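In the two complexes below, subunit A is the common chain; its partner is subunit B in one and subunit C in the other.
Here is the complex of A and B:
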């Protein structure tokens, strides 16, 4: 299992935070919110596959059909 | 040993989470979810071999297969419920967490109804 995705998510979080601060200090609150939202959507798209994998694994191991 | 791998992953994620928690809590929640998934996916091969051995033992001892499968299902429901509710508690949604736990308890009772009925029938047949 590769743990690259953890570092990817951490990097996205830090970048989004920096962009958020820059945009808020230059007086563009709406665009700052859009950046935060885009970051969340990107991260969720990355994680969605893994959530589905986890649920499938639990279903097969514990025979929950 | 995988345990060192898991502990190191946990420490690294803990350090990252302390940075992210103050600045962007929404991504911190997703990160902790991902870490939980990765740790479980690392443990899957060992868990499945343990369950395989338990299955063989249950077959040898002649227990009805329904009971073993039900127990396994209950363990699975308990694990997944705990996973979801802890995630909700991390995101400061305690009421949602308690609702998830309630749903898990109801599902467990629903699954254990056949066992309860079998137990009651045994007791009734023993009574004179």
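Here is the complex of A and C:
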């Protein structure tokens, strides 16, 4: 469970927020929305594997299969 | 070590790309300003020396910015060819020929409209024509400045931040 990924996600969050503000401030709100969504997708992809592992673990622990 | 070089390369290149996008706006402002200066000089020379247009243009060519020199040079060349081009036609041809990538379509249309009444009327109306085109160009310059204010900083920031994002992803 390496902790680097948390830092990565935090950094991406910061960058997406800054980009969001810059774009909103200059009037391009649709593009700001797009950037936010893209950021969410990127983070989701980074984390996808771990989430799948988590669900597997829960299934085996509680024997829900 | 290589990772650090790669990071720096990505950051620098994406910032440069953002900067290049912002240059578009900066250059448009500069070209418009030099155009206003040169056309002003053109008008003053023409009104006070009453020389034919190609002589006045020779003068203007010497004092104009390297970015707009071509238009005037080309106009002088076409007029000196004596192939029957009117001043307006020569002007229009040289605008279409030279690469004025930095100007938007509306700017070029202002210049082409200017060409229509160039050399077609008497001196007093010529002066009015010049004044009209100068006013229009100043209006375009105002638009350009407003746009530039918004966009220059935006593109520079976007360039840098995208590079940062990619670096963080690949780190």
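Following the convention adopted for this analysis, the second predicted complex is superposed on the first by the 65 of 65 C-alpha atoms of A that agree within 3 Å, B and C clash if a C-alpha of one lies under 4 Å from a C-alpha of the other, contacts with A are read in each partner's own complex, and residues count from 1 in each chain.
In this section, a contact is a pair of C-beta atoms (placed from the backbone, for glycine too) under 8 Å apart; a residue touches a chain by one contact, two chains touch by 3 or more.
Note that the structure is predicted; figures quoted are calculated from it, not measured.
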Seminar exercise, completed: So, after the overlay on subunit A, do subunit B and subunit C clash or fit? They fit
Exercise. For A:26, is the partner it touches subunit B (first), subunit C (second), both, or none of the two (neither)?
Worked result: second
Problem set entry | Contacts of A:50 with subunit B and subunit C, given as first, second, both or neither | first
For this session: Please indicate which partner A:5 is in contact with in the superposed arrangement: first for subunit B, second for subunit C, both, or neither.
Result: first
Exercise. Is the number of subunit A residues in contact higher for subunit B or for subunit C?
Worked result: B
Exercise. Which holds for A:13: it touches subunit B only (first), subunit C only (second), both, or neither?
Worked result: first
For this session: Using the superposed model, measure off the angle between the directions from the CA centre of subunit A to subunit B and to subunit C, in steps of 10°.
Result: 170
For this session: Taking the superposition as given, tell me the minimum C-alpha spacing from subunit B to subunit C, whole angstrom.
Result: 15
For this session: Jot down the residues of subunit A that show up as touching in both complexes, subunit B in one and subunit C in the other.
Result: 12, 16
Seminar exercise, completed: Counting only contacts in the complex, subunit C reaches subunit A at residues 150-151, 153-154, 157-158, 161-162, 164-165, 168-169, 171
Problem set entry | For the subunit B and subunit A complex, residues of the former touching the latter | 9, 12-13, 16, 19-20, 23-24, 26-28, 30-31, 33-35, 37-38, 40-42, 44, 47-48, 51, 69, 72-73, 75-77, 79-80
Exercise. What residues of subunit A sit close enough to touch subunit B in their complex?
Worked result: 1, 3, 5-6, 9-10, 12-14, 16-17, 20, 36, 39-40, 43-44, 47, 50-51, 53-55, 57-59, 61-64
For this session: In the complex, go through subunit A and note every residue touching subunit C.
Result: 8, 11-12, 15-16, 18-19, 22-23, 26-28, 42
